[in-house]
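Below is a structure I'd like to ask you about.
Order as written gives the chain letters A, B, C, D and E; numbering starts at 1 within each chain.
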Amino acid sequence: MKPGLLGWLAVFVLAALLPLVHPGGYVLDIAINTMIWAMLAYGLNVMLGYTGLLPLAHAGFFGIGAYAVGILTLKAGWSFWLAWPAAVVLCALLGLLLGLVAFRTKGDAFSIFTLGVGVIIALVINKWDALTGGNEGLNGVPPANGFLGIDFSKATNFYYVALAALAVTVLVVARTRGSVFGRSLAAIRGGEDLARSAGIDVFSHKLRALMLSTAIAGFAGGVYAAYVGFLGSSVAGPTTTFTVLLYLLVGGVGTLAGPLLGTALIFVALQFMKGLQDYQYIVFGPLLVLLVMFAPQGLAGLWDRWSLRRTAARTERAVDHA
Amino acid sequence: MTIFLQQLFNALALGGVYALVALGLTLVYGVMRVPNFAHGGLYMLGAYFTFAILTGLGVPYVVALLLAALGVALLAALLERVVFYPLRNAPHVHAMIAAIGVLFFLEAAVQRIWGADFKQIPEPLPGILNAGGVIITWQRLLVIAASLLVMLGLNYFLKRTLTGATIEAMAQNREGARLVGINVNRVGMLTFAISGALAAVAAALIAPLISVGPSMGEVMNLKVFAIIILGGMGSVPGAIVGAFLLAFAEIFGGFYINFDFADVIGFAVLVLVLAIRPEGLFRRGT
Amino acid sequence: MLEVRDLSVNYGSFRALHDVNLTVQGGEIVVLLGANGAGKSTLFRTLSGLQRPSGGTATWNGTPLTGGKPEFNVAHGVAQCPEGRLLFPDLSVEKNLRLGAFVHRRDAAGTGRELERVYTLFPALVEKRHAPAGSLSGGQQQMVAIARALMARPELLLLDEPSLGLAPLVVEQVFEAVQRVNEAGVSVLLAEQNAFAALGIAHRGYVLEGGRVSLQGTQNELLGDDRVRSAYLGV
Amino acid sequence: DRVVNIGYSGPLSGGAAFYGKNVQSGIDLAIGEINQAGGVNVNGEKVTFKLVALDDRYLPNETATNVRRLTSQGIDVIFVPHAGGILTVQPLANRDPNFLLVAYSSEPKILAANNPLTFMLPPRYDNYIAPFTSTQMKAFGKKLGLVGTTSAYGKQWTDAITDEWKKQGGTVGSNNGVDYSTTVDFSSAVTKALAEKPDVLFVGGPSQPTAQVIKAAREQGFKGGFIVMDQAKFEEMNTIIPQAYLDGSVGVLPTIEYPGSQAFVAKYQRAYKKIPTSEAALNYVGMHAVARAMALAGTTTDPVAIRAKLGQAAASLPKSVGIYAVKGVTPAGHLDSDVVAASVKGGKFTKLRLPNMK
Amino acid sequence: MPDPQPNTPMLEVQDLGIRFGGLQAVRDVTASLPAGQITAIIGPNGAGKSTFFNLISGFYQPTSGRIRFRGEDITRLRTHQVVGRGIARTFQTTTIYKELSVLDNAMIGHRVRTRAGLLDALLRTGRERHDEGESRAGAMRALERVGLAAQAGRPAGALTQEGQKRVGIAMALASDPHLLLLDEPAAGMNPEETVSLMSLIRELVAGGLTVALVEHKMNLVMGLADQILVLHHGQKIAQGTPAEVSRDPAVIEAYLGGHAHGGQMGQTADGGNAHA
């Protein structure tokens, strides 16, 4: 954890310097997008990585967070700084509601059940014209209100909001993972029956993990709403969930660096592949297949395995000498 | 009353198509434990193969349907070999992501080959049957009849033949199946081939009624996943019941409420059923 | 005759079996003793073709068993009741048993006869014949596993710790059944922790330690051996 | 000689890919033509063009990312063919760096935004509403049924036609609109709509599903007329269903029927082996207008100057390029063209005059 | 923690029963487990022994009867509440977290004694830090009791079968139970290992724990148990000291069989006396 901490500090300091090199434009846009989707990937990782359950409604919660911010700021005239936490709380509560029902199912059924919920969320957003603007979307969501003279409608400044949000997300996830609570989640991932017999209140732990995870999704959604300024229902649909799942898998499920690594890599790679025009998915599809075949642990997993092998070799040597 | 009957026929035809597509998916899930998100891609491919064979070779519709089924079956078997077999010991998410990769590939490749615009397959049996005000197109009757026939055949195959039993055995314990002398590689490919053929038959049947486009599989994907969850993942009778349940929910829900909400109603039924019976309507297994 | 020559098996860089040599003559019961992790199951999996050896050979009546094709081995008369049972949990007991006779799928009548035989061997399974195998108790499942292996009508039966978790009475029945199967001409290779009972019915035995054969002998030789007595008989 | 890049962000994969490709084909054809003719002369320099197309899968946020990418490559003209994307990037157009946003969408809100750097190509859909209504009400009767698509655009159409139909004294049945892009079988929605015995049916979405809806209605014995939303094109529908089914419909006039279209149609069919619709044709016109405006403005990099010359450029397009008898560009940035509607009778198209645009 | 006074019942069950569809897996079982003693539950395969344990530990909800633990009715409690009251268990097939370290396994077992939740984790509260320390200490105590303290840092899966069984027991002990349920703890162990397991169990009981175990290895049962409960078809058919039970004709008929098992079981009849 300690050398990891240094690494994270380095990443965030470097990231903070980016706008000085690229003030505005495409590079910053990519960076902000990467951070937004990485946050969503962190939310998903709390479930898939730490609790071992794969919910597929996360884009829905991302959408709820985004629309909550959009509607509250655009229609109710709230300040972004008020709407954002409200959106997070809303997502946590809805996560609780989802969990109460969804945890009756197990395994793949849980995944697909939540996929169904995700589809319903997207559909409801799409059909509820009066509130969400329906298919037309919600246009003109105001950027985050400025304070202390900082204008957050400027991408360069908003970039720091996104960066701070990402830092908070990573901190929250890291703390959860290394805690007494987090160890219980690991137990649940290892086997629910066993965790139950060890005295863990499996249901309540899963519920809280899901709430944390949907809250993070809503947190990311809020940033998205303020940044893009336009909301369409498709962002809440399953395609978004699967895309983010992809980021997570490529980065490494259950690792702390994985969500960020995977999102950065795939998001940027997809940008490059856009140049391939009609061939972009002809190349990207098989690439995905190869990725899960040859780097099943993801990028962070590769790293872990490598360093594990090194420490293992070291201890083995030590044992030999004993 | 005529309207009710009319909608009943619409629901039966839709349910039949859903069932065929869902059956293949549930089989593959049951045997390989792969949530095959490429299944919608196979369905889409079935429609394009039918289209290409019809326009390219000028053979009769039935021949085109069978050839398309064969083609997609072979392709699905290949898919099992190249993609899913190497991933058989990996966690489900991996196979799932790989399947999505395959879906991306299939859609892009089809768009590359046949273009992004819609294709139309002429109806082999044009015209309508007017039974006392209830109007049914011959194609819909064909869909209903053919899908029933295929389902009966599949059920016979699984329950009454030993090859069918091997599929079930492998669904439950791969290594155990090997130990009693079952060639699991062959069964795996066979299962994928069957699932591909079913999807292709469904596509060939429905294609004349709809427009064929590269992304037609995506919508179907979501529906059939809902169906097999509804029915209980891996359960064959569950897939059939789930398919008709969804079709009826969509059509009658749409009819009595609003067709724009048909999809919402379909998924709401799914969520409702699972909330009451978390394991689906039919528990997996025999 | 089962002939294992210099058989070695690796799991990655870990060598689980080192140059193992052993034989089972036609009609023999041979017991394989060994602590946890000695390599018994590894040997069995290799003989069934589930595991490829890294060196050496294994043949049954001259037919090589190391081709990595379990279906080939079963078809040539080598069936196994594996560790962990590996049943088809959602299929009925009877379907499990019928699938055990998969290699005789062209001989329905023979399979029917064999089914009757295993039901007389394990009467407890008769009332459970339509129950999903997974709903049975641990011991009952063990019986299904043995019965399923018998359904293949093997010439060589590999039993990997068949008494694990069985009630004493059933252990007794199982060993009796093994003896009866053997009397009908089937050779048996039996891995057991329950050394006393196993040696009671075996003609010969081997002791496997750390992946190597450390001792072999006839029933009486082994029963009399001090190391065997202390390590495996608890005396 | 200089090559100037033109940007395009549209759906090139997924469900709307056919649409994005159609739009792209029009721009491509125009660029090919211009380049083959040796480019345009800008301040004494020969300038040719190259299209940089990026997929946005119809998602506005991806459009925004694409636009930032294109502008950061120094591109000053960007085509976007969907209202969501257009509305999202409009605020970016006159920021730093600014660019000319060529909008292919008939959404009136685009003009209402009063963005000085937007150039909107198609006619506003609300031009069609009144003539469609009066024509069909006269020909078939006063009862309207609704089975339009439920896309954003379709819903607006449905609302507008409902209002207008009532205003002209008709009655409107319940809304049986369905999402044309996700519905597998349309016949049940049609059955329900027909149960109310309408005289006229409002339909429309992408051409192919629209044709399926019309087919289902005719098969179920519907004898009345159709009001076909402008998104669906007669020339695409009648390759799928018998022309007879379309009898009694009103919709947009097929591009082929415009007197000035022959040269364009011939060239397009040679290049793409399919019938050009107004999606290709209007973007073709738009690209030509942009190129000419650059020549007139004497710059390829100043969007404000180019925008200022667009009116003059459009008005001076030859008939074979202008296709729709282009008169110029309105101060709000709208292409002022003579797009007409048509009613179908006996397989023949009769032109319907549209009221003047506001 | 453990109750000192022996022979007062630690656990009492009354008319306990459960149905699975048409099958009555446990039927009207009434019994009590005296504190500080070892009770063995034996019976043929499928007799309902594991199910009996599952009922007590709250894994299954009984369809009839009640369970009292230290005077409190725990019939309707959920598993984690039961563990919280002081009943811990191990499974018939060894189940532990193989990828986690031995220490982590034990710490998971101690979870029920800690209260730190998600908010504590996020805010790094005092409770979080306190509980973390407690978990570590509690887990180490448990590991010491089963003799695994030295292996604390190793991945549990790297241990021998027998070592893994100990991890399972340590996990159970880490919850500071009053009553420990062991389902076939010696399955798959050789005689040597079995003997060392027996002495471990004896030590635990000497430390004040009450133990109930299911086992088919008669030498272990006869050598350890103060009391034996015999189930058959879900019903209790006998109860008594090892000597009484092994002479009971119903038990011999249903379970022990005539004679041939002598070797396997070792000394059958001479009760509490273990191996030399």
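Rule of thumb we're sticking to: contacts are C-beta pairs under 8 Å (C-beta built on N, C-alpha and C of every residue); 3 or more make two chains touch, one makes a residue touch a chain.
Keep in mind the model is a prediction, meaning the values are calculated, not measured.
Under the touch definition stated at the top, chain A and chain C share these contacting partners: B, E. Chain pairs A-E and A-D differ in how many C-beta pairs are in contact, and the one with more is A-E.
Chain geometry summary: the mean Cα position of chain C and that of chain D are 75 Å apart. Chain A and chain D have CA centres that are 38 Å apart.
For the pair chain B and chain C, the distance between C-alpha centroids works out to 42 Å. For the pair chain A and chain B, the distance between mean C-alpha positions equals 32 Å. Residue positions of chain A touching 2 or more other chains: 278, 280-281.
Residue positions of chain D touching 2 or more other chains, listed in rising order: 12-13, 150. Shown for chain B are the residues that touch two or more other chains, namely 107-108, 111, 260, 263. Applying the touch definition to every pair of chains gives A-B, A-D, A-E, B-C, B-D, C-E. Within the complex, the chain B residues that touch chain D are 3, 6-7, 10-11, 13-14, 17, 107-108, 111, 115-118, 120, 128, 135, 137, 140, 206, 209-211, 213-215, 218-220, 223, 251, 254-255, 258-260, 262-263.
Note for the complex: chain A touches chain B at residues 48, 54, 101, 104-106, 108-109, 111-113, 115-117, 119-120, 123-124, 127, 238, 242, 245-246, 249, 253, 278-282, 284-289, 291-293, 296. Contact residues of chain C toward chain B in the complex are 48-50, 69-71, 74-75, 79-80, 82, 85-92, 95, 98-103, 105, 132, 148-149, 151-152.
Across the interface of their complex, chain C is touched by residues 20, 42-47, 50, 92-93, 160-162, 184, 187-195, 216, 218-219, 254-257, 260-261, 263-266, 275 of chain E. Of all the residues in chain D, the ones that touch chain B in their complex are 12-15, 17-18, 20-22, 150, 175-179, 181-185, 187-189, 191-192, 195, 206-209, 211-212, 219-221, 239-240, 274.
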